[in-house]
Each structure stands twice: as structure tokens, then as C-alpha cells.
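Paired with subunit B in one complex and with subunit C in the other, subunit A is shared by the two complexes that follow.
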Partner chain A sequence: MTAISTTGLTKRYPEVAALDGVSVALEENRIHGLLGRNGAGKTTLMQLLTGQVFATAGSMQVLGGSPVENVEVLSQTVFIQESQKYPDTFRAVDVLRIAAGAYPNWDQGYADRLVEQYRLPAKRLIKKLSRGQLSAVGIVIGLASRAPLTFFDEPYLGLDAVARQMFFDDLLADYTAHPRTIVLSTHHIDEVANLLEHVVILDQGKVLLEADTDELHDAAITVSGKATAVDAFLAGREVLERKTLGTLATATFTPRDGDELAAREAGLDLTPVSLQALFVHLTTANTASAAAATDTHRASDRAIV
Partner chain B sequence: MRIRNVVQLHTVNKLQAFGWPLIIMSLSLTLVLVIGALIVNVGGAEAREGMNEGMQYSGAIFALLGPLIGFGFTAMGQYFPLALGFGLTRREFATGTLLVFLGNALFYAVIVTIGKVIEVATGGFGLSVRFFDVVYTGLGEWWQTLIQTFLLIFTVMLVGAAITTAFHRWGQSFLWIFWIALAVLILPVVAGFLISEDFRAFAGQVGGMGWVPWMGVILGFAVVGGGTWLALVRRAQAR
Partner chain C sequence: MLDESKPLFQAVAEQIEDGILDGTYAEDDPVPSTNQLAAFLRINPATAGKGLGLLVDAEVLIKRRGIGMFVAPGAREALRQRRKFAFQDQYIAPLLREAAQLGITPEELAGMITKEVAR
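Entry: the complex of A and B
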């Protein structure tokens, strides 16, 4: 069953289109990765899906209904956002108390364990917490709420490597014990690559790629060897990225049947591309093509003038 | 409707919600009592009478009312984004917050009224001082103080929430328009006071128009502030 589906979802602000015609379908009870560079529209998409902001155009269905002012949908949704503001006078314990009342599936025992595990000073004023401790507040709420639909927007900013790994382990363990739909936006792609079952890559407010991570393993590979052999091997094919070092070259491309044998015969090495590398290749290529399109427009404008 | 969650959001920190306003009020009252004791002991009966009359306009009670004025601003500025973050709807937030405003206004109005009754009964705590029995909270009967203080607190909360919501929506440009509009309203009044005898007479008539019409004016502000707030909060977005 689909937990989230959007069609042509658009959000425009006076200066910028934060989202532009986004159509995605996210299955329930899976961990979805929402990837994109800064300003790609990840947070805006999550804010729309949780009814925090209103769409300019398009439609969306979350857990079978529109999330806008929908108690039934929103009571099953938790959104942990990196930029969440808290009242100045609040302590972490106050936020956790409200969360305990707000989420029907809240597990207080689990929340207490997490508070201890992340060494969260629960009685300290929120405004005096470090960035990492603030992230820990969100992680405790996001996990202990056990909401059927959980959004994590950059949940571990400021956390050290140990705490980040702890979060990944906790997320996976609790997800296994209590399956639910999780949407995770992050910049640390390699760290979460093994967690994600499905990925949406946003770039400049548009969907650049939506696929299961299993499919992405075959989406691109890197060939390396002598530059002349690499060029001959890839002749006439679309290359996502190419780098040269002296007489050697590496290139990333979309594979097809028979490539493995052909590369071996040409004395070239083939290696799979990590999710992070694929993300970098795709977004870089998209930025380059957007820049080229802009240049073409400018040139044609000048020609007309 | 998850109204209980909204009420909890506003009151979860009891010390902040109720403790500090009452502590600050007690400190302010203590200071007034000390000043009263000094004046009575040093100045004698004449000073005592003058102090009692002058203190009708004492703003010491704003040690309590002041933080409550800010409550409307923080409700929208700080609690609204968190409410949305917890998946509460705008309708739930508005309904719960309205109840909290009403409850707060009633709670503190009762405190002030009890204080006034004690103050009047004891002759200004035996020192002829005024803290609760002042023009802002009503110089008339105890029930007038109850109604006036309730309306005053409730109104400033609604107006504060409306202003913050409008700022939330239109940003700095709203503030410019707000201050300019306020200046356009206030400047002619100030000018009228300075240059026109007739205007001063008219203002005197308005000022002395009685308790009921004044309560009507405050109620009018409450209706405009509350109506604006409720209309705007329906389309308010997270920032």
C-alpha cells in the first residue's frame, strides 16, 4: 500500500520555486531516503506532507488522505525537523512530556532509555543545549513516538560519529520490531545507504531520480584503466562523469549487458558506484545541464537582440 | 480534537506559566509595601493621604500584567511552530490557545480581585498603599475589577497573538504598515491635545464616559484582535 503519493506538487515562494511539480509514490512500512543538495526542496516536501505549509499547486495523499488540517493523518505522523523551534523557557523534559501526550503509540520506557543512551540533560533549558543534544531530543521523539509515518529531516546534525552510529542502529532495531514508514532526509548518504530501501533524489525542486536501492546498484558503474582504452570502451555512450590522471582515466556510466566481458577483454576494471557517488554524479550532471541550458537561452536571447 | 495537548503545550512548565508571574508580582508588592512603610513613617498623615491618591495611577501591578501581555506574542511566535511540529492542526491550536487565554485571564483576574478586596479591607495593608486597587484594574467594586482585569488580560493576549500572526505572515512589511498606521492615529490626537482647547474638552468627556462604555471599548479591541488572529491562524505556515 502507498503511504505517500504526490502529483505535480509545487510550492512557490515569492523569490523561488522550492518544489516544482514533484510526483512521488512511497510504499508503506519501508525506509525511504530523501536526498538532495542544500536547497533542493527536501524540507519543503516534508513540511507539505505534514501540513505545515500549503502547496501552491498539485495534490498529495498521506496515509489515505490530505494531511492539511487532517487530525486523523497528522496524529499518525511525526516530523523531526532540523530547524524545529522550541519555546525559550522549555527544557528537554517539557518537550518529551508534550510528545508523550501527543503520540498515541508513545513508549515512555523506550524514551527514558534513549535519553540515558544519548546522555541528554533533560532538565537543562533547550536553548542551552548543544546542536548535538538538540538533535538527540528529536531522535528520542522520533523513535519513541512510534508513529506509523515518521519523517526525519537531517536528524543527527551535530552528533558525533558514535552517536550517529547509535542512531542508525536504534532506528533499524526499532523499525524491525515495529515496522512503519520512515522518510529520512540526509547528507550523510554513505552512512545510511544500507538502511534505505527506496530513494528519492531531489534537485532544484524537482525529482531527479526515484528508485529502489536494489535497482540503483545497477544504475551506474565506474570503469578505470588506460585513458585510450576507457574512451574506446565508452565511445558513443553517455558518461556521467570522467576523470583523467596522466594516461589513466576513470568514468562513470550506465551499464548494459555484456559490459563486464567487454571491459575484461579491454583490460579495464569495473567497480560498482556507491549511492553517494551516484548522487554526486547525478546532481552534478543536472547542475551542469541546467547551466548549459541557461547559457543557450542567453546566447539565443543575444542573437535575437 | 486534541485540545488537552495544546493546553499542556502552554502549561507544561508550571514555574514559567504560573510561578514566575506570581513571584514577580509578590516582589513588586513587597517593594510597594516597603515604600509605603517608609513614606508613612517619614512623611506622616499628609504624606500618607497623598501617597494613597497618587498610587491610583501606580503601574506596579504591571509586574504581573506585563508578562501576560507578552503571552499572546509567545503563543504564536514560539508555541505555534512547535504545535505544528507535533502534528497538531491549526484549528486545534487556535481552540486550545483560546481556552488557555481565557483560563489565564480568569486565573489572574481572580488573583488581582482577591488582592484588591484584601487591600481595600485592610486600608491598603495598613499602610494606605495601592497595588491592586488602581485605575488599570478598576477603582470601583470588586466585581468591576474582576471583569476589567479579565477583559484587559484577555484582550492584550488576543491582540498580541494577532500582531505576531500578521508578522509571521507578512514579515517586516507588516510591522512598517502597523507602526505607520499607529503613528497616523496617534499624531492627530497628540496634536489635538497640544493646539486645541475644544479637543481637550472632548477628550475629557471621552475619558470620563464611565466604566461600562470603557469596558465596551476594551471588548471591541478583543473582538477585533481575536477575529484577526483566528482568521490569520487558519492560513499560518511554519517558518
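Entry: the complex of A and C
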């Protein structure tokens, strides 16, 4: 079943379209990665899906209904925001107590274990916590709430490598024991790539790519060898990125059947592209084409003048 | 630990195959569950499950409902035959290609192999 589906979802602010015609379908009980550069629209999309901001256009279905002012949907949803604000007088323990009352599936024993594990000073005022400790508060709530729909927006800012690994292990273990729909937004792509079953890459408010991670292995590959051989091999095909060093070249492209054999016969090497590298290629290529479009636009403006 | 040049679920399947070939998992022995593999390899359980599924389809593993997955009788020999078949392509062909590039004659190469074996 689909947990989230959107059609042409758009959020325009006076200066900018934060989200521009986004159509995605996220299956339930999977871990989805929401990837994109800063300002790509990740947070806006999650705010729309949790009813925190209103869409300018388009439609969405979340857990079978609209999330806007819909208690039935929102009580099954937890959204751990990167920039969550708390009242000045609150301690972590106060926030956790409120969370315990708000989420029907809350597991207090698990929450207590997590507080200890992340060494969270629960009695200290929230405003005195470090960035990493603040992230830990979000992680405890996000995991212990066991909400059927869980959003994590950059959940580990300020956490060191050990605590980040702890979070990935906890997420995986608790997800395995209590399957639910998880949407994880991040730009630490390589660290989470193996945890994700499905990814959505946003760029400048639009969906650049949506796919199961299994399929992404076939989305791009890098060929390297003599520049003349590389060019002959890729003649007439779309190339995501090409680099040369003297007489050598590497190029990243979308492979098709028979490439492996052809590359071998041409004495070329093929190497896989990681999700992180694919992300960089796609967003860089997209920025370049957007810049080119703007240039053309300017040129035509000039022509009119 | 996992072969990153392949889709992750294939790498998972190959790792279990390696364990069967080297005797880590004997015939009729249980192999790790989807969830154990996922936690150990730090991968999505669906990916781990897909890897095990490949081996069930290939009749390397047998699913016993409610108990788990077990190494099929004869799986080790069948895997050995399959890997032997792929050996030529995966190892011999690249070896010969590199040798040719370095001007190593087939006779020299044979000599090098004999020497290495004797070491």
C-alpha cells in the first residue's frame, strides 16, 4: 500500500517556488531517503506532508487522507525537524513526557534506554543542550514514538561518528522489529545508502530522480581508459560527466545491455557509481542545464530589447 | 566486506555462497535470517531478504516455514560447478589480457603460475 502520494504538489513563496510540481509515491513500511542539496525543498515537502504549511497547488494523500488539520493522520505521524524549537523553560524530560502522551505507540522503556545510550542530560534545560544533544532528543522521540509514519529531517546534526552509527543501528533494529514508513532526509548519503530501500532526489523544488535503490545500481556507471577509446565507446550517448587527463578519460553514463562485453573488448574499465556520486552527478548536471536555460533566456530578452 | 561492484542484494547472496563453499555453512545447516543479516551488514532488511530470495530461487537454500533458511543438500557441489564455469571469464580472461599487455608469453605465464603454486 502507498503511505504517501503527491500529485503536482507545489509550494510557492513570494520570491521562490520552494516546491514545484512534485509527484511521488512512497510505499508503506519502507525506509525512504529524501535527498537533495540545501534549499532543494526537502523540508518544505515534509512540512506539507505533515500539515505544517499549506500547498499552493497540487494534491497529496498521507495514510489515506489529507494531513491538513486531520487528527487521524497526524496522530500517526511524527516529524523530527532539524530546527525544532522548544519553550525556554523546558527540559528534555518535559519534552519526552509530552511526546509520551501524544503518540499512541510510545514505548517508555525504549525511550529510557535511548536517553541513557545517547548520554542525554534529561534534566538540563533544552536551551543549554549542545547541538548534538538536541539532535539526540529528536532521535529518542522519533524512535520511541513508533509512529506508523516517521519523518527525520537531518536527524544527526552535531552528532559525532560514533553516535551517528548508533542512530543508524538503532533505526535499523527498531524498524526491523516494528516495521513502519520512515522518511529520512539527509545529505550524508554514503552513510545511509545501504539502509534505504527507495530514494527521492529533489533539486530546486523538483523531483530529479525517484527509484528503488536496487535499480540505481544500473542508473550510472563510470568508464575509463584511453580518451579516444572512451569517446568511441560512448559515441552518440548521453554522458553525465566527462573528465580527461592527458590522453586518458573517464565518463559517467547510463549503462545498457552489452556494455560490459563491449568495454572489455575495447580495453576499457567499468566501475560502479555510488549513490552519493550519482547524486552529485545528477544535481551538478541539473544546475548546469538550469544555468544554460537562464543564459538562453537572457539572450532572448536581449534580442527583444 | 561486501563486493561493491554489484547490486547489494547480489553481494549478499554471494557472501552466503562463499560461506557455503568454504564450509562455514554445511549442508542442512541454518543460514542467518534476513534480520540478522540486515543488522550485521547494516543494510535494509528488504535488501537482505532479496539476497536470500535469490539463493532460494537458485535452490541453494531451502525455506522451512516458520523455522528459517537452510543450505540445500548438494548445494556446495552445485555452487562449485557454477563458479568453475564463471572462473574462465572472471579470472583467466583478465589475466591473459594483462599478460598480453605486459608482453608476457603464455609459456612465461604458465611458468609463473607453477612457481607461485610451489611457493
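Please note the rule applied: the second predicted complex is superposed on the first by the 305 of 305 C-alpha atoms of A that agree within 3 Å, B and C clash if a C-alpha of one lies under 4 Å from a C-alpha of the other, contacts with A are read in each partner's own complex, and residues count from 1 in each chain.
Methods note: a residue touches a chain if its C-beta (ideal position, glycine included) is under 8 Å from a C-beta of that chain, and two chains touch if they have at least 3 such contacts.
Bear in mind that the values here come from a model prediction, so they are computed numbers and not experimental data.
Taking subunit A as the reference chain, the count of touched residues is higher for B when subunit B and subunit C are set side by side. Contact with neither subunit B nor subunit C is seen for A:208 once the two complexes are overlaid on the shared chain. When both complexes are overlaid on chain A, the residue A:74 reaches subunit B alone and has no touch with subunit C. Within the superposed three-chain model, A:266 lies out of touch with both subunit B and subunit C [touch as defined at top].
Touch criterion met: A:194 reaches subunit C, while subunit B stays clear of it.
Using the contact criterion defined above for the overlaid structures, shared-chain residue A:172 touches subunit C, although it does not reach subunit B. By the touch criterion stated above, A:157 is placed in contact with neither subunit B nor subunit C. Contact residues on subunit A toward subunit B in their complex (touch as defined above): 47, 50-54, 69-71, 74-75, 77-79, 81, 84-91, 94-95, 97-99, 101-102, 147.
Remark: subunit A residues 30-31, 168-169, 172-173, 175-176, 194-197, 213-214, 217-218, 264, 267, 271-272, 274 touch subunit C in the complex. Every residue of subunit C that touches subunit A in the complex is listed here, in rising order: 4-9, 35, 38-39, 41-47, 50, 93, 97. The part of subunit B that touches subunit A in the complex is made up of residues 1-2, 4-5, 8-9, 12-13, 16, 74, 78-79, 81-82, 84-92, 235, 237-238.
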